[in-house]
Amino acid sequence: MDAPLLAIEDLRTYFYSRAKRAFIRSVDGVSLHVAPGETLGIVGESGSGKSVTALSAAGLVSDAPGVISGRIELHSNRVRRNLLDGLERYVRIEQRDGRVMAVEKDHRGWRRHAETTMAGVRGKEIAMIFQNPRSALNPYATIGRQLVETIRLHTSCKGEREAKELAIRWLERVRMDSPRLRFDNFPFGMSGGMCQRAMLAMALCAEPSLLIADEPTTGLDATIQSRIVELLAELKAATGTATLLISHDISVIQRLSDRVAVMYGGTVVETGRATQLLAPQAEARHPYTAALLASIPSAETIRRKGNLQAIEGEVLDTIDVPRGCRFYGRCNRVTEGVRERCAGLEPPLAEVAPGHKLRCWLYPA
Amino acid sequence: MKFAAVKPVSRVLARELAVTALLLVGVSVVVFAILYLAPGDPLHTLGVREAPGLPRSWYGHYAAWFGKMLQGDFGHSIRTGLPVLPELARVGVNTLTLTLGSLVLTLLIAVPIAVHAAAHGDTAGNTAATIGAYILSAVPVFWFGYLVVYVFIHQFGMFPLISGTATKQAHAWLYSLVPIFVLGTASGTLSEMIRHLREELQRVLAEDYIRTARAKGAPVWRHAFKEGFLIPVTEIMSAKIPFLLGGAVIVEQVFNWPGMGRMAWQAAQDRDFPVIMGIALLAAAFVRFGNLLQRVVFTAVNPRASQE
Amino acid sequence: MRPILTIAVLGLSAAALCIPAHAAPKADGRPDGGVLNYSEYGRTATLDPITSNETISLRITELVFNGLVGIDEKQEIVPELAERWQASQDGRVYTFSLRKDVKWHPREGEAPRPFTADDVVFTYNMMMHPKTITPLKVRYEFIDKIEKTDDFTVVCTLKRPILNALAKFSFKIIPRHGPANSQFLTREDPFARSPIGTGPYMLKTVTGDGEVVLLANPDYFKGRAHIDKFISKPFADQNIMAQALMFNAVDMIVLVNPRNLPEVQGDKRFVLQPYNALSYSFFGYNMRNPLLAERRVREAIAVALNRQEMLESFFNGQGTVISGPFAPGSWAYNLDVKPLPFDPRRSRALLAEAGFRPGADGMLEKDGRKLALSLKVPIEKESEGVKRVVLAFQNYLKSVGIAIKVEFKEWQAWKEDVFLEHDFDIVFASWVFDDSADISSLFHSAEIGAWKNNFGGYSNPEVDGLIVEAKLTLDHEKRRTINRKLHSMLAAEQPYAFLWTLTNYSAYHRKVRRVQIHPYKFFSFADEWFIPESEQK
Amino acid sequence: MRHYVQAPGPVGEFSQLTLWQRAETLDLVYVGYGLLVVALVLASYLLGAFGWLPHDPQAINVGLINAAPFTPGHLLGTDFLGRDLQARLILGIQAYFLPGLLAITISIVGGCVLGILAGYRGGWFDTIITYFDNLLDSFPRLVLILLVIAAFKPDITYVMVVVGITGMPVTANLIAGKIAFLRQKNFIEAAHALGLPAHTVVLKHILWLNCRALLVIQATLGMAEAILVETSLSYLGFGVQEPAPSWGNMIQAGANYFLQGHFWPSTAPALAILAAILGFQLLGDGLNSLLEGRRRN
């Protein structure tokens, strides 16, 4: 496996909640890497920080009190750059016993710096598609204009006409019906599926080295979902673009990803090859992953257990992070042997099998 | 399909025109009603008689009066005996200059503040500016006017008056900016503009599609312009016209600006009904027209307009 | 101040010599050119000499028109449109021979037409036509008829000989080809807004908000006026008006508001010229109210007022307290009658005498009826001078136990209440005369009625008698004594609480020279004014 | 540099926090100031009503005209008739209080009726009422008032009626908007499902439970409107008439001496108005973001 395209090291993203007068640690020490051409799927309940991880990677964490630390290394066409390089100069974080007490931030400096580093990257190197494509497209401009804009920004063809031709070709590639007509359509007239296709075309037309798909199927109805998933698979095969796929829907992850990372409470609790991690009977498995798998309706879960299980308890409030395992509160597999370790001390991300790491005291390295 | 962006405009435009016409009729009814209810039958001073063939009743009166108006006959001023319409046309232009002028001037002040505040959140600068605008909007207009006059005279040794008086002075046109400024800043216009623009722009900047734009590395302003700037600006402009026309009544007195406002006051003094009615109607027409323009812009810009 | 009451100017002697016609331009070696901007508070309605009744218009007609005779600086009658005249022995027939060199102001694209006897006859008939609405009519009822004998001679027959009839022939002559309607003149007639006359200045334009531009008449028969252009600028705010003068935005204010006098006085650039408009302010009573019909109440009110104090503190003492119905500037004013002194004790005594007793609230009442009166005042934006007086009035009377309710009304509504409905107890107003002597329309019982000047409904046979007598007598001295008698009588009767006459001040820039001001018509001598080249710019 | 500081101690759920914990300091300042102003206005109204004044507001002293503040006996100086400014300022609120309330009542009641018809009944009502609102919005308020004054008479009551009526659309729109919002949340349907009669839904659940904050805000802003309008009219001479004091006619009278350098007689009431208007507007905004959660920024 050659040098990763994207390497995220100990990423931490905190937000300040005006309402609660407190910091939310949406992402709290995440390390991930995506190899060229591979698809990494990040799965987890809403609020587990997976989307924020993606946004951080694309430098889209814009909220004034949002602070990011760690490293995000992008290694494409023989340049390696840390997208978070130098940002630490603009913030000072005060911590007390693992709790962020105060943050001092020069937001404008931060913003300016981030924008300059991301300038060459966004759209060109890293492209993104989002959930609810209908609201993600500019309702005031035609599909065509939005495509052409991207093309002329990021590709060699600058002329209006050939840009249009290219755009239409892309619309065809994403299986848009009657692309020439769609070209002049406004998003509001189109179905969610169509919009998502348009989004895809827009993302891929610049031939980026990394595509971040943030819940690409959420907010679409089931039939459309599967179509989009198929399309994604197909395009991935065709273009070989590395993809960071975020979804709470394990079936999507299963279908599309080579490797999977399970996130809970702002950290990665388990990561490994999709095949082994999602295999019906894996020898080592994080309780949370197990719970997730148990909660999806799929043929063999029903055959094995006969019924589905919802995950007990509330999603972790990432304001006051417990000292011990983040899942401790909801874990149903705590044994007397490990209880006080689970309660007292956060488990490390330990490699249980080659390429398969997880964060649980039940499986010591 | 191809004309998705064009067809609605014409259709909606037609509808808006109809609505405007309807509302103007409504306006005339209101004005008529007021005078009809007034003691001492002011309508007779308008020389309103029943139109031939119509019953002797309020609607007979109204029909007659409205008919005359359609022929551009707004009656003659009781005081001067002059026909009202040409008189209004003459002074109306001045008032229009004053009003539109102050609209533009206010925009020039409000936009930078609003945009800055929207883009960078509260900074010392724009907070101060906003509070300043608040305070200005709470000052009685004419007192503010006097204050300005006094300051100009005693600090700058200039005389900020128009109405031909400035002809004797260097760059007279500069002086006409003063009343425009006073009208624009006082009477709440400035502060409300700042607030409206800022809120709208902030709302739009938080939209998903702006995030998309950033994600694909496109300039944010290009995408935020229409919904975040153009539409709010036109909205607030058309919304502010009536306030400014009202304020003009005061400002024109203070700065001796030969406009409708001064005429309205004079007319109210002399119970010169034809004139004051004419002014009310004309003012309402201004308002409606401004509103029409706003709707046109909105329709032209917003592809969804035809759906609404 | 409004309302005004205009009566033909008084002259002193009937004897006059003919003065040879000037030839344009004036041969006095003074420079021509320059512009004079003067400011007016308010706007003009009509500009013709017949229908207009506001001082603003009157000032402009003075510039645009001439009468058969005029008045010079020394108040002497001088020829104007008439070259010479003779009066018959019985004083009932006057023959005027007119100037032959007078031309009407030209209309666009027309040649100037000559002035002839027809115009004089035309003007008289216009004025007297029943459909013409004009304050002049009553003043010329004494004329029986005016006829032309030839193109440049008119003969005027009076119903009865009257004293200094000649002076009355200063009414302005309008051209026969002027008005659109040749029978009678209404305010709607275009002529009323774009008049042409024979005067030193021709009307050029009137803008929508009432700015009036006048140009010097090149072939004015007395010689072209020196100043090229007169511009009358309307102002809606008197404070601003004063500032406009200070900053040379205007060159002249015809009437300076007393509160602005100090500023102007201090400034070397301006001349502050007093002129005694024959006018006075008063509180007028409505005799129809039994409370006020009681003379002692009226006197009690008068002595309860400290008029000197008001004059001092509200008008910087710019005026004189008066005692009777004539303006003190006039020969008819009786200096032997002294103004009633400020004396609250006497006031209370009088009221007690009249049978008023203090009620529960300390306010006076008589057999259950409160001594409470309504004072009606017209709203003016700038009327804080008026406000001061009426509020002080209210205050003074409160202290003697009379309750005054002040009601402010829009100008039009006020006029209707006072002159038409007679629905008021007391009003605060001023008369402006141009003849100090004729007060017949104010106090003669024949003048009671809708839109007539005796709005208070004062009637006293004795006074009526004196007024008529004064009208009819041909002897100036006799008339003087009668008027003195009238004065003392009315001073005792107190149909008004006579207050004061204010000294009017006109302020103008020094550059305007040889300024003479007619106390009432103001611009009578404006053709002689001039501005040195150096300052014409 | 901006500071964000973690609140000490455990942090509860947003909805469980008290108003004060949720609020932003700025809003609290606004509201505090606003309430102060309201208190002062009420106080001076009562003082005026019971005639507890430092001076006889009508007592004329021609010897002491346009006196400066801190003149012995006259804390805030005197006006163009030597009357005590302090007393007249306090009494001046009388001119606005009841008329203002009249205007507010009209605009609120009318607004509610229209708003409910438009929002709750919807359909035709909605369209018609929208047009009606546009119609009212077409008139510059001051011009309309001048028309009414000319037609009837310059009387503060008429004026305030006009102010009230022209104020209705704003309230109406807000209410209608609120109702639309509640519909979105299926609130109204739920209420109906519970079998509540229409009038209870409208009066209790819509107006009382969901719109009261909004109405309070409108009321405060309405008072500000009333004061500003009266002031403008006073300048035109149509406002509250002497000898009754109103801040408006005080400014107007004083302004005649402004350009001669006597600032105080007009500045004092002007400042009073400034403080009051600002108070009412800020109160409105503060409440808006506290109760309605509408962020100013």
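Labels A, B, C and D are assigned to the chains in the order they are written; within every chain, residues are numbered from 1.
Criterion: a contact is a pair of C-beta atoms (placed from the backbone, for glycine too) under 8 Å apart; a residue touches a chain by one contact, two chains touch by 3 or more.
Since the structure is predicted, the reported quantities are computational estimates derived from the model, not experimental observations.
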item	value
Longest centre-to-centre distance from chain B, chain (CA-based)	A
Leading chain pair when contacts are tallied as C-beta pairs	B-D
Chain whose Cα centroid lies nearest the overall Cα centroid	B
CA centroid of chain B to CA centroid of chain D, Å	23
Where chain A and chain B are represented by their mean Cα positions, the distance between them in whole Å	50
Between chain D and chain C, distance of the C-alpha-averaged centres to the nearest whole Å	48
Junction residues of chain A, two or more chains touched	64, 107
Residues of chain B whose C-beta touches two or more other chains	121, 146, 149, 153, 253, 265, 268, 271
Set of chain C residues in contact with two or more other chains	239-240, 243, 379, 381, 410, 413
Residue numbers on chain D that touch chain B, as the complex places them	131, 134-135, 137-144, 146-152, 224, 228, 231-232, 235-236, 238, 248, 251-252, 255, 258-259, 266-267, 270, 273-274, 277-278, 281-282, 296-297
Chain B-facing residues of chain C, complex	37, 43, 45-46, 186-188, 192-193, 207-209, 211, 231, 233, 235-237, 239-240, 243-244, 246-250, 379, 381, 410-413
Partner chain B, residues of chain A touching it in the complex	58, 60, 62, 64, 107-108, 118-119, 121-124, 127-128, 130, 132, 135-142, 149-150, 153-154, 181, 184-186, 188-189, 199, 202-203, 206
Residue ranges of chain B touching chain C (in the complex, touch as defined)	76, 79-82, 87, 90-91, 146, 149, 153, 158-159, 161, 163-166, 168-169, 252-256, 258-259, 262-263, 265-266, 268-271
Residue ranges of chain B touching chain D (in the complex, touch as defined)	19, 22-23, 26-27, 30-31, 34-35, 37-39, 42, 117, 121-122, 134-135, 137-143, 146-147, 149-150, 153, 187, 195, 198-199, 202, 242-243, 245-250, 253, 264-265, 267-268, 271-273, 276-277, 279-280, 283-284, 287-288, 291
